[in-house]
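Structure first, commentary second.
Chain naming follows the written order as A, B, C and D, and within any one chain the residues start at number 1.
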Amino acid sequence: MNNILNQIGIENYIFLSVILFCIGVFGVLYRRNAIIVFMSIEIMLNAVNLLFVAFSTYHQDAQGQVFVFFSMAVAAAEVAVGLAILVSIFRNLGSITIDNLKNLKG
Amino acid sequence: MNTLIAIIGLGVLCLLFEILDFRKAIIPITIIGLLGVLGLTISEYNAPNSYYNNMIVVNKFSVCFSSLFIVLTIFLVALSHNFYENHQSKLSDFIAIKIFLLCGAVAMVSFGNLAMFFLGIEVLSISLYILAASNRMNLKSNEAGMKYFLMGSFASGIILFGICMIYGAMGTFDIAEISEMSQSAELPIWFPIGIVLVTIGMFFKVAAVPFHFWAPDVYEGSPALTTATMSTLAKVVAMATLYKLLSAMNADINYGFQMVIVVISIASMTVGNIMALKQANVKRMLAFSGVSHAGFMLMTLLSITTSAGSLLYYATAYSLAGIAAFSVILYVCKNQNNEDITNFHGLGKTNPLLAAVLTGALLSMAGIPIFAGFFAKLVLFSQTIQAGYLVVVIAAVINSIISVGYYFKLILAMYGKEPNETRTGKPFLIYAVAIVALVLNVIIGLFPSVILDLLA
Amino acid sequence: MNVSLLLILLLVGAIVTYLAGDKLASKVALFFGLASLGCTIVLLNHYNLGENISFITRWITQPNVSFALKADGLSLAMVLLTTALTPIIIFSSFGNEYKNSKAFYALILFMSFAMTGTFLASDGLLYYIFWELALIPIYFIALIWGNGDAEDRKKAVVKFFIYTLAGSLFMLVAFVYLYLKAGSFLIEDLYKLNLSSSEQLWIFLAFFLAYAIKIPLIPFHTWQANVYQKAPTVGTMLLSGIMLKMGLYSVIRWQLPLAPLAAKEYLPVLIGIGIAGVIYGSIVALRQKDLKKLLAYSSLAHVGLISAGTYTLTLDGLRGSVLQMIAHGFVVVGLFFVAEIIFRRYETRTIAEMGGIRAQTPKFTSLFLLLVLASVALPTTFNFVGEFTVLYSLSQINVWFAVLGGTTIILGAYYMLKMFQYTMLGETNKRIFADVTANEGITLVLIVAVLFFFGLYPKPIIDLITPSLEEILTQINRIN
Amino acid sequence: MNTNIALVLVLAPFLGFLINVFFGKSLGKSVSGMIGTVSVVVSFVATLYFFMQINNTKQPLSIALFDWIQISNIKVNFGFLLDQLSVLWLLFVTGIGALIHLYSFSYMHDDEKMHSFFAYLNLFIFFMILLVVGSNLLVLFIGWEGVGLCSYLLIGFWYKNQHFNDAAKKAFIMNRIGDLGLLVGIFIIGNLFSTLDYVSLKTAITGATNLNTYWISIAAFCLFIGACGKSAQIPLYTWLPDAMAGPTPVSALIHAATMVTAGIFMITRLNFVFDLAPQVQTIIAIIGAITALVAATIGLVQNDIKKVLAYSTVSQLGLMFLALGLGAYEVAVFHVITHAFFKACLFLGSGSVIHGLHGEQDMRKMGGLKKAMPITYITMLIASLAISGIPLFSGFFSKDEILLVAFEHSIPLWVVASIASIMTAFYMFRLMYLTFFNEFRGTAEQKHHLHESPALITFPLIVLAVLATIGGIISLPFPEYNWLNGYLAPLFTKVATEEHGLGSTEYLLMTLAVIGGVVGIAIAYIKYNKQNTVPAEDAAITGFSKVLYNKYYVDEIYNFVFVKTINELSRFFRDIVETSLSALVFGFGKVTNEIGFYGKKVQNGSIGLYLFAFVLGLCAIVSYLFLAQQ
């Protein structure tokens, strides 16, 4: 493990995560389908998870990996709630495009 | 620590009551339970301690804010009785969620480890997502929930990324260690980046400009009691957490960062107040007012080493006024489809007491003396001037003037117009909450030392 | 025995009045008004005997705020004005029926509580709190019990509230700044500060904004006429009789001693603003159609002169201003009451719809005329004593100030007599005008009696205020 | 003792005023009139007491009552000063006052508000006494403003007529213009000498070595403005003719004999100040001469009997100011006294005529009243002869002294004054002929009711006519017989005009003046008695006499230049400035509201936008902190 990190360098992990994170961000910004937006958020979270693991190895410290479990659990809970909301929106509206959600404004 | 466990126990108890069919006892028992927890919390005031490898740190700061949160939750629970009259079967769920929300809140001000901070913030947020969307059949509520959820989890992602950067820089999640290490000369650039990202995530939670756009929409769409929760409890929690985060990690608030805070603070006040002027929906108006108050509270970050007391005072004043105002709004808009200002016409004639309470609450928010809001602003101004930011204070003063414009719109509606409907019933709990909240507000207004000296 | 008793009495009075119910409210309020007047007189007696009737106790530790009430001659004179006018104002309202009168009278007493507090407070923050508190009751009085179109009224009243609040918030900032320098809000500690002249300038300006709006000085007066017109007469009396004196009093008590260098540097400008107010107010008053508006502009002119007197920074100027404040308080209350008496009978405030009243009501006419004469400062009225002293002090600065300020003698006579002519004189009005009732008569006679008594014998008041004004003057002239 | 009598002197009319105000109506007309008259008589008696005393002892009496106003360096006492001047003045104020009260008893008997008339008259006497006896300038100022007030009340006595009210208001305001001047003068004196008390002022001035004559001149000029207002001199004279709107006794008392001489009193009182300001004295003399001439020319063509007398008063006051300006104070005082006698007599006589004709004042509708009203005729004739300066009548002596003094100082002034005197003779006899000679020109109804006025009216006329005849003896042009100069001498710092005998020049001048007077009378006789001309109707008046008839259009000019301007200004302030100031304040609110309105459009409900703003904010902060800082 340590070896690989030495070969590749922590910066590259960071760059990868940042790129992944940005992909997630752009997904959230540009996609209009709620499910895909959820997935983009998941990409963001997973990018961070990746970085956590990398840092964990970098610091030779297990805390980072434990934190990943935390974040995964939280993400799961979040998505569960999100999907539930989505379902009720679909029931009321018959669509899951977030552009339809413009009743509240001004 | 005991607080946290007791609160969770209370939440579980709530859910059990439903199973055991003790529905009627839920609210009284919860209130009594929360009062007990309050006592328990206060007893720890003079006994700072840390638990579970510093996961939880109990100190004066956490005790004070936790107590405030518990008090606010008591009010919110008391208001639930009337609000959920027609949803008796779900009462326990709502109450339990509120209590879990409190859990998250307490965790957020007593964390000793970033993991605890993250957990707390997520528990709080998820509970709020649920509450926001809790009126399933109402599209507005759905929309509010969805907006809040999407933006909230986006912000959570940012916070998580920030935490990750901090971890990358320091190799630990423990606040005390981070604080110690941050004193050293050579810090990886990741650390400030992480701090900034976390701060931005928290700016979102307190709804500071330009991260505030969710607030009015979500406040408007959510059921009124949820709006009350968000605008009082959630806002105060987020602000306290941000404060604690920045002060506990001994983060280097350099000149550039202070400028950012100055700009965001002024922008929040200004945008919030100006936008509030033209609102016809009271909840929306209070949302923007909340944005501006966030701007005020952000001023405490400019003198972070000394301003804990004033933040506590401001938060208490603001949230008590908010509770009082929302209890009146709950009463007035009970059977209405909307919260338009027209609903308040003639309240001064039909319900003079409630009208007086709402007036008092609004005056407090506007910062008129003898109400706590005045002292809150005074202390804030004095600290900020001392920190050398006269500009911010001038901006804040101008904003206070603008804010009077919309607060008085509501007062005018209550006293200047004829009532267009009869209002019946005097729900005891709503009256009680409204009056107690306002009286507490006035008391701490008359004796500010009671609160200010707690964190001196 | 100390002055806090007076505040307690008024506050308790407000509460008891509210609890007494609609029927008894007016009488209970009058009782407390008279009781506070009695209390003031007793306190005055104690003060004259050299007893200490001040009251001070620590209120808030952090920030360091004290509940400090200091009674010196100046404060007591203003308190006397307040507590003397309050029962008169309450009594004057006996002829009217008010909806929800318990709240109405409670608000009057509450307002007089706040104003008394403003005059007594010797702690900056306490003073500020009373200052703001006084604003709230008048807002509601004008809003709920006012007259005219509801929308217009709302606009005027809200403008008034926001405008005055806007000014005073800057004063708050100034106070906070001073506090950070001195570590206390107590006036004695603030007096000890050594501020640079630029600091003084900013502080002066912050105070000036608050006071210029409250007094009001031109061009900050735009709220005044509308609010005076829209507010119920009782509210107008409170506003013009007492509340605007708060601003003038504060100039003497707070603004000048705290920032004397700025005041000295801009002395001609400040006096100029005051005098411009005299001329402008008088000229605008000439062509007002509404009686209350006319009186409002006359008030603008008078306070312009008073403020010019205070800004002379001489003992005469200050003394004349204080005398004129008290005199103006009484006369303006009387004149607004006259407007109310006419309104009770003719349901109008438009001057063109009046006229020919004199033939029907000799008593009322005489009293009205006496008030008009007092207002134009005829010798032997109290107003003359004040106006003369102020003009004299202006002449000491520059004779032209006295000449320009003295135009009030001419213009004041012009608009007041014109008003009197078209309201009272002329062919007998066809509508019946019942002569004043006993209540109305007593009120007017009391006011007139006060004006003429002190016009001939102002010595007690001069003796009361002079020592404290001298003290303030030494503070103004201290060398940093 | 003296204090008490002085208090009685001052307060008796005030008591009369109070009684009449509060109980007048219930007491009935006769009693209220009685009280009014008696109270003035009491004052007169008290005055006589003081007169005797002071004439004997030559010592002025100072009476201090209480401290009134206190200003930094000056304590103003409410006190009285009874000296030669004030007692002399009091004598004719209360004396003529008593006579006119008596006269009013009958004259106003038909008026329903007789008690308030007496109340006002009493109040006037009270203030006039205060004006005269005050020991300092501020007490004088009380009286000064007080008499102005009473004048206002009495001009507008018939308040149902708005024109009368306008006249009253005009009088008050023009007086107040003067009052401001007086007040400023008082201020300057106070600033210069730290006292307002006459006695200490005099000591301060006479004792001082280096006086600030510049400021003293300005003070004197300001005081003179005050005198102009009260004594109706150019440019502040226009109120006096209008003041004839009041009842005739008022015109006689206030606007002829007493109040309008207050300016002369004040200047005489402060002669030591004016003596230090020669330029101002010149101005006074010139203004006085011009006023005398201008008013006389206007008087030539007036048809209202009271207007003629009013302009005559203005003209005579001008002569007095001429004397004052030339430093001949005692001469001015002398003329004040004789003028009070004959002018009061003339006014009361005209009142008697008006009374007889039931309110008619237009001389074109009179004529031939000689037979119907013999006493009125004779007394008025005497007074007219006096005013025209016919030898042996009182006016001859006083006027002649003025002309003499004028001649000594400046020929042009003498010429102007002489022309004014000739005109006086002309218009007075124009008045006499139009009123009393030839045939009656009024309605038959009026003719039927023509009668001599009752005794209460004729008695004062007779008394005044006698005084007008013999009044000259108090100051005969022979030094050894000149009682007045000797009496007043202690007042003046400068030695009064050299006590020279009458040389040939003087006799020549005297003759010239007499001839002038006779010529004036002769012209009037030819035109209005011989040719029996009746002045044309208003519309038919043309040419220069139209300008004269319309008083040189001064009222119109004043109206246009001052009243209109100030009213337009007021309208401009009210409609434009006030509105725009108000709009400015509202503007702040409006602008913020507008911004709020557009802000609402930004908040369009789209999550995409919200998130975009979020990311934008994030990028901005991060780039500011980490890129801009590098």
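Criterion: contacts are C-beta pairs under 8 Å (C-beta built on N, C-alpha and C of every residue); 3 or more make two chains touch, one makes a residue touch a chain.
The chain lineup, named per UniProt: A = NADH-quinone oxidoreductase subunit K; B = NADH-quinone oxidoreductase subunit N; C = NADH-quinone oxidoreductase subunit M; D = NADH-quinone oxidoreductase subunit L.
Keep in mind that what you see is a predicted model, and the values were worked out from it rather than measured.
Ranked by how close its C-alpha mean sits to the mean of all protein C-alpha atoms, the top chain is C.
Between the chain pairs C-D and B-D, more C-beta pairs are in contact across C-D. Centre-to-centre separation between chain A and chain C, using Cα means, comes to 66 Å.
In this assembly, the C-alpha centroid of chain C lies 37 Å from the C-alpha centroid of chain D. Here the spacing of chain B and chain D, counted between their Cα centres, is 78 Å.
Chain B and chain C, compared by their mean Cα positions, are separated by 43 Å.
Residues of chain C in contact with at least two other chains: 162. Of all residues in chain B, those touching 2 or more other chains are 146-147, 150, 154, 216-217, 405, listed in ascending order. In chain A, the positions touching at least two other chains are 25, 28, 98, 101, 103-106. Chains that are in contact with each other form these pairs: A-B, A-D, B-C, B-D, C-D. Within the complex, the chain D residues that touch chain A are 600, 603-608, 611-612, 615. Across the complex, chain B is touched by residues 10, 14, 17, 21, 24-25, 28, 34, 37, 41, 44-45, 47-48, 51-52, 55, 58-59, 61, 63-64, 66-67, 70-71, 74, 77-78, 81-82, 84-86, 88-89, 92-93, 98, 101, 103-106 of chain A. By the touch criterion given at the top, residues 21, 66-72, 78, 116, 138, 141-142, 144-146, 149, 152, 156, 159-160, 162, 165-166, 169, 172-173, 176-177, 179-180, 183-184, 187-188, 190-191, 218, 566-567, 569-571, 573-574, 578, 581-582, 584-586, 589 of chain D touch chain C in their complex. Residues of chain A that touch chain D in their complex: 25, 28-29, 32, 98-99, 101-106.
Interface of chain C with chain B (complex): residues 60-63, 103, 125, 128-130, 132-133, 135-136, 140, 143-144, 150, 153-154, 158, 161-162, 165-166, 169-170, 172-173, 176-177, 179-180.
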